[in-house]
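Look at the two complexes coming up: subunit A is in both, with subunit B in one and subunit C in the other.
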Partner chain A sequence: MKNVSRFAWLLVVLLVLTACGNDEDKASKENKVSADSGRTEITYWYAFGDKIGENNENLVKMFNDSQDEILVKAEFQGGYGDLHSKTQAAFAAKNAPEVTLNEIASMGVFARSGMTQDLTPFIEKDNDINLDDFNPGLMGNSYVDGNIYGLPYLRSTPILYMNVSMLKDAGLDPKGPKDWKEFEEYARALTKEGTSVGMSMPVSIWYFEAFVGASGGDMLAAEDKEVAFNGQAGVEALEYWKRLSQEGILKIPAGDEASAQAAQDFANGRSAMIFGSTANLTNNLAIAEENGFELNTAFMPSNKVNGVPTGGANLVMTAGLSPEKQKAAWEFIKWMTAKEQTIYASKYTGYLPSRLSAVESEDMQSLYKEIPQYKVAVDQLQYGKARPMAEAYPEISTILADEITRSLLERDLSPKEALDQAAKLANPLLQ
Partner chain B sequence: MKKNPFWKVINGIGLLLLICIFALPFVWMISTSFKTLGETMTFPPNWIPNQLLWENFSKAWNSGPFLKYFLNSTIVSVGILILQFATIIPAAYAFARYRFKGNNFFFGVTMVTLMIPTQLIFLPVYLQMSAFGLLDSLWGLILPFASSAFGIFLLRQSFKQVPEELLEAARLDQASEWKIIIKIMVPMAKPVLITFAMFSFIAHWNDYFWPLVMTTTEASRTLPLGIAKLREVDGGVAWNILMAGNLILVIPILIIFFFGQRQIIRAFVYTGVK
Partner chain C sequence: MSWIKARPYVMIFPAILVFTLFFLYPIGYMIFLSFHDWNFVSPVKEFVGFSNFTSLMEDAKFLQVLRNTFMYSGLTVFLTISISLLLALWLNKKGAMYGMVQGAIFSPHIISLVSISMLWMWIMDTDYGLLNWFLGLFGITNIPWLTDPKTSLLSLIIVAVWKGIGYYTLIFIAGLQSIPRDIYEAAALDDTNRIRTFFKLTLPMLSPTLFFLTIIGLIGSFQVFETISIMTKGGPINSTNTIVYYIYENGFRFFKIGYASTAGVILLLIIGIFTVFYFKLLGRKVHYQ
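Let's turn to the complex of A and B:
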């Protein structure tokens, strides 16, 4: 007995030692390889696993194989939130990656706190890059205070998903509603008491931005000094949500899993329409096929104008690199956002192709012919607007979402009151 | 209390209800892990999947270097446990048995560390580990947990209950302090040690926050991070694959419980001197 336990302890100690030892061996081996070949080594951090992760790993491998001067190591770091906080911590510990991603609303925070590099001089010196080829609808968040800090990489925009089988049953045009008036009629016709609602939608600031944009308004006033969402456009948007929700044709799931709940409603045919990112299209097509309904996509409904937010991430370079690393990082960013890679990434993940020449390419055009649902999002980009980039915007979003939810739940709390209350809490954060 | 059949039935029903409450999420997880993505969304949910999709498990397992995650998790959890035993047993013995200047003060300081949340001190610890060059290594995951105030507290209480006569008898027989610890104290505190070991192992096996902060490459990641990766998708979550991954995560703990259960109960029943 005693021998057995002694043996077990020894085994454990050995296991620990060998495992730690292995890592060191591997690390030194890797260093040797790069030292031998004289390649500049840079690290690239990305967010999200699954298809998106594979896309990142594949592209990096292609880049490393395509030349022999730069060696990129791609490393997964979690969702956008994790990626951002880890980049900040690593920056403090002076071991930040050379290239990373910024979710577009965070471009401002990183640039203004000096963590990301101004790319303007690189773009001016480089004749290979044509900024005009990037889709203008996606460029809004690349500029911080007039300088370019990032290039569009994996980008999305919210669109309307519809269960066409339910639309046909209700005698509606499968093309979908164009404006708020039609959207309301669709939702009403598709609601069957007790079995299904027209629309299921979590309280999401991203969608709220789309509704405010469609009413011709903005979330923040010029120069981000105060909020603007409690103006005419914001009030109109929330009044619309509240009216539809009280009529019972718009379901608002609540709680942490509200988005999952809405997705589930749609998958089961308990809701005929949902909003969602373009990045969900591949998954939604698969679910629709499996659950036996036809799926179509449409623009976010317009009110006075068309105006939709975009989403996703830009590629950025961290600040404070040596000229050699800067050059390598720039080459990598340039390659990742070039036409061919944009096409590859868009086909692999369902994100938007960020270059106009990529949209025109035969590859993408044949994909759009085959799966026309993909094209809606690209077409919608002509109305794309930048997301607010104020440092306090994430916190303001939380406050705003709470007040919106309150107004939707409490019959007596008018949209104007709720938005004014949110503005009162949010404005000090912008000072 | 008299045991008549009526109370037995009520008792049984109560227990059954409790089991249902605790087992329901588990059963749901297992059932979801075999479904197709479309079937996970049906309402009301099917408890028994239409078909058993074993490939969900291979998909989850192949979504990352799961063997590496698994080894890392094992090394980290077991490594932490070994170091904790090595530090808390002598510390608890000293606090419980020695009268020295500042005994209460140092014990108080130890207790205070229990009240500081990890999130508050993670940045200084992170920078310290960075200075040691231990970021993104298994040592960086193990060393910050090399001791445990909770363990010292638990063990000190149980060491205090050992009768002084036993120790005096041992000292008369010229047993060294180490021998007293190993031959008398540790066996007497076995139930506490096993309880602590379970707590510690499960906490560090499941720990998400610290490995998330510390690791940047697959070489040093642990299982919970590998599972979380399945959830980190921009777009719909594949619940069936995620639940298959979760099942892979909890199975080792279930196995330990399954085999350890009798040991644990025995340890609780035979507590030291009667």
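Let's turn to the complex of A and C:
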């Protein structure tokens, strides 16, 4: 019996000891200037693999090699959705990375709920950074309620990718369609019953934003108090999608893998055109070469006006860091968004160079001469619009995508009805 | 207090600690959150009374989610049990072939659900999938398994049944083997036909197993998440959204923790009812020897 009791007490003592030990460990970790190297360690979370992931890892390595004050650890976290929910959970657990990415439509949620740090004071104190050099078309999503919460990092706009070999076979101008009318003619001419369709496009709110923008409309009304997508412009956009899809010249893959499906259709020559982020340009050029076709890019087709959403992610700092970590995080953000790095990222992936000086640099200009496909997105940026940043926008996007899909699948459900239904569900979320 | 008196409490302390920390505390906290409006990080948790519950009950999307969940659970459990009972009756024999078949149908049970989801996504692909290719051989045109709201839930049920039958069959075989041979001999002496033997003897003797599997199956399928998260993300048009995915979506995608917790409370209630039902009925309506 005695042995048992001794054992039990030993257990209790051990438990208490390990608990204390953990606390100490944690405390020392939090103010860490790691003893062995003397460098401040920060963690950086990013989204997406392939070329984009390599680009992130390479840049971080270059940053770490360029100085010996700060050591950044880069960690891959999946797509934007995963990255956001993991950041949120980690923040609640007080274990968030010091620097992370916000997909631009989510800047508002993160800033307003106090998860990200207001960068305005850092920018004011720092003479090295010139905000005017950032492309103004990309800055719209940096400001939340008048303060800067993030700097443009890997930014994009949707563009039109075309299989030029198929365009030529159909006797079309490889420059691509300019407006909806031409786009429709292209799609019709490129559709061959049973073998290929003009365009394969998943129901994506990002593309819908582009079509609404091209019709001169907005997704949300001023001040974000009400949705606007069920107005004239939205209805026109969805009617256009529905008409083309019913004619069979626009294929709409559905489900979770819809984007991958569309990309596959394009790679296999089952669809002659797709919309896509400029971020996929390098990848798509490689795919085109592999499959032996020529690739060209063009603006998103316009309707009444030119107007495209921008996309991609801004670099943000999480809130509540110690001054020392803040300094390190700021240095890292500043370095990552500087001219040389944005040139590197743009060449590596196809993302936009976010700085005006970068666009004008010899490096980029010679690339544009050599591979003009890279220039399309930069030129289109003059029509770039910020994405809505209302806190409920992620949920509203889900609702809207459901109703759009429903209207495309059900012959009798008119676009106006579907959008009104979505508005009815979405409006209470904006109150 | 003397050591003798304290001893049981000391002994049970670790178990209670773990139980409190990982079961009671989260449940209590979830119930607390269900009366609040909170986005997970803001320091303020606004008390809103029962408004989360009332808006959840008026939420057409949530009602569809409930319908989906019941439909999914009911059909999955019914199909899995029927198929595996038939398989068990067939496989409850000695011989290398039976062992092999049993092993083959059991193998999905030990594969991670994530891998299974990826595999089936490829099998069920509308244009390039194995399943549609196979059906194409019989002249059946491409079925949009996962991408049409009419078939998507059914497709997920097929995956769940495929994964479940191996385990269920194993339990059924164990159940069949524990039925004493002499009752069958008695029945044979009375010249009872096979169908009658099955319904009057096998089924009642198997009822504890049947009951156990039904309850476990229902509780399990109410909590389905992985296949949905990977294969459909609740779509298309909400057709495969079930309670647990809905909780995840609201909590981690839309930052509505209070609302998600409320849905969690509803799930707790439903599963609680099944569990109580299970313990109450156990040993009463079910035939034990």
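Assume the second predicted complex is superposed on the first by the 396 of 431 C-alpha atoms of A that agree within 3 Å, B and C clash if a C-alpha of one lies under 4 Å from a C-alpha of the other, contacts with A are read in each partner's own complex, and residues count from 1 in each chain.
In this text, contacts are C-beta pairs under 8 Å (C-beta built on N, C-alpha and C of every residue); 3 or more make two chains touch, one makes a residue touch a chain.
Note that the coordinates shown come from a computational prediction; the quantities given were computed from them, not determined experimentally.
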Which superposed partner A:E75 touches (first subunit B, second subunit C, both, neither): first
Touched partner set for A:N291, first subunit B, second subunit C, both or neither: first
Subunit A residues touched by each partner, larger count belonging to subunit B or subunit C: B
Touched partner set for A:L220, first subunit B, second subunit C, both or neither: neither
Partner chain(s) touched by A:A258 [first = subunit B, second = subunit C, both, neither]: second
Subunit B versus subunit C as contact partner of A:A267, first or second or both or neither: first
Partner chain in contact with A:S277 - subunit B first, subunit C second, else both or neither: first
Which of subunit B and subunit C A:A47 touches, first, second, both or neither: first
Partner chain(s) touched by A:I249 [first = subunit B, second = subunit C, both, neither]: neither
Contacts of A:S113 with subunit B and subunit C, given as first, second, both or neither: second
Set intersection of subunit A contacts, subunit C complex versus subunit B complex: 12, 89, 92, 264, 270
Residues on subunit C engaged by subunit A in the complex (per definition of touch): 3, 7, 10-11, 13-14, 39-43, 60-61, 121, 125-128, 144, 146-149, 152, 230-233, 235-238, 249, 252-256
For the subunit B and subunit A complex, residues of the former touching the latter: 36-38, 41-43, 63-64, 71-72, 74-75, 78-79, 82, 123, 126-127, 130, 135, 137-139, 212-213, 216-220, 228-230, 232-238
Subunit C-touching residues of subunit A, taken from the complex the two chains share: 5, 8, 11-12, 81, 84-85, 88-89, 91-92, 109, 113-115, 253-258, 261, 264, 270, 391-392, 394-395, 398, 402, 405-406, 409, 425
Residues of subunit A touching subunit B in the complex: 9, 12-13, 15-16, 19-20, 23, 26, 45, 47-53, 73, 75-79, 82, 86, 89-90, 92-95, 97, 154, 156, 260, 263-264, 267-268, 270, 277, 279-280, 282-284, 286-287, 290-291, 312, 350
